[in-house]
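Working notes, structure below.
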């Protein structure tokens, strides 16, 4: 039993991207994605908040060692994303449009295998201070 | 099926208000609401975060077009609230005390009809950096 | 019935602490807690967000008087924690390692008896801008 | 001599205001001040940063006791401005339009007599996160 | 005479860039610019603070109409920079490496002709929350 | 000649401290320093902003390599301050009261010898979000 607790660790990366669906016409892409579809990419300072939920160890008082969590995010996510072009340099987006929604799912899938099964995981990703997403919702 | 995701869009407005219940005596109003009951109004830079929850489109990678969401908030909420006196200028508060709790419910009711039924909606409203509310709770 | 709403109040305190489990060897403490185990303490500007959830009064529009909530946090928590050494000065941590997870549980237990039973309570505690916790999870 | 140092203390107040020049026509007021001229006032969470510059005491290491500075700002400024209508409740603005520029000058004049003459003073006032002023410039 | 005051307006834009000096070898570029030299660009949420210094009008209480200043920045800077690739899309960087230092100079030169000569101008540019510049220094 | 520019790099450290003048009585210490004088230390998340001012290189567009500046701050300051007790662990404060004013002077003196003479240096130190200092003033 014990005290079900959520622990959050915030990291960041800087990346270029462009929103574009290959199968659509230029017009349809421009209509939906507007300036985000411009051909030469733009970029963001992405803020990434990793949330893990579970029962802290009653002796150490740690749910997870945040240093270990931070190094995991560094190795599995930031190494591949930071100072990169998400469309061109990150194979996970070869067939996936790098919207904030999709980036959050990709990051979740990269981290999930490395976190113990009894610990829940949620990704919050800020594309800008005003636009952000959480996946999965409602945990 | 797919990836249930939450998307957030942050907006803001500046407004004056005063907390006051018409049916109460001046003393009872002053006792509960303190400085917030002073007769000539005071004001806030309200920060409004609109949360929508659902399944992003698998092709576009969008749950909702944030530009469209931002324009909806602009048209249905900010046009009526920004640089206004909530008590005197905004008819929705004719019989409702403009506490942060009530402002959140009013904003929810203004936006809900314009958002597809399969998408959940939550309002977070910061009255100050230190006082804020969410309605409905727990989504 | 009515509008189930969450209300948040943010407070802060400055305190020293050190992570250390008495029953462990110096080596084991150093290995898990790293710099946080250094003997002469370090410190943080803790940001504390108290979340209460319930049905606002339909007349006043208040779930809880934030002034009363702030004074409660001041009296039951900040008086004991602010500008103190959590390990040496705060008896609640006599046998509990002052990790962020454990501090959140202690604060929850200090506030819970003073908040009406029909109102739910959650503690969010920022140890730094990048490390924070919520207890209980998922309310 | 010693180490010329600047010390800053941040405070805040919530107030209503309206920009309006009595001697101008309604049209001229509306043209220049736009939404800020609307008749029933709007409001802001003003953030006030008080900067003092001088030589810290070599023994105490204090330029000024920040607690004393904070109490001074509380007594001379916040008591008169917080939760007030600047146009109607604050006599200093009887003949002065409460623009951010003018509010900063008024606050400077309220604090200057209470700060030792060998210490320089500057006021920074945030009307919103995006609009702010400093008076006097360049100290 | 009057009250020399500084007025600040904060804007933002999202752009891709890459640090690269054409005349240098690939090795020299990689050595100095590190990850910022990667070939496919990365990006930032740039925060831009425009500071103007002068004597506010004694009647209106305005140094400058912030709405006009904001529109000027929109037209002269953001139209050319926002959601663009600074290296490929913005001719001002054809022969200038888009470091934060150089971007600030370019923005200064774009705005200076449109601001009255008796008003001083300074640009502050945040590339990230942790890296930022001011040009010219010391005004 | 060229473009005199200021470049800022933000770092942080977490430390414990206590304000106390050895030569003073307990009463005098308590009277001036209040809660900051409590015997078992408290602590802060210090935010450190290092400002350097000079003429960027016209070819690279860099005043200083921020990566090098960050590593310098890491080696000369953070190694000695982070997760330490400033009074007990940091010899620079053996005879100096660790007020924010004095910490800024100590950091300035640690960094100054490692920065080229033609580049000016200023330290900004946030003890809390509401209390901060700059040394030297007015550069």
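Chains here go by letter, A, B, C, D, E and F, matching the order in which they are written, and residues are numbered from 1 within each.
As a convention for this text, a residue touches a chain if its C-beta (ideal position, glycine included) is under 8 Å from a C-beta of that chain, and two chains touch if they have at least 3 such contacts.
Nothing here was measured: the structure is a model prediction, and the numbers come from that model.
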Chains touching both chain D and chain F: E
Where chain A and chain D are represented by their mean Cα positions, the distance between them in whole Å: 41
Distance from chain E to chain D - Cα centre to Cα centre, in angstrom: 28
Between chain E and chain B, distance of the C-alpha-averaged centres to the nearest whole Å: 34
Multi-partner residues of chain D (at least 2 other chains): 129
Interchain contacts, given as pairs of chains that touch: A-B, A-C, A-E, B-C, B-D, C-F, D-E, D-F, E-F
Chain E partner contacts - residues on chain A that touch it in the complex: 12, 14-17, 35-36, 38, 40-45, 82-85, 88-89, 128-129
In the complex, chain A residues that touch chain C: 3-11, 53, 56, 59-63, 65-67, 139
Residues of chain C defined as touching chain A within the complex: 19, 21, 23, 32, 34, 96-102, 104-105, 129-138
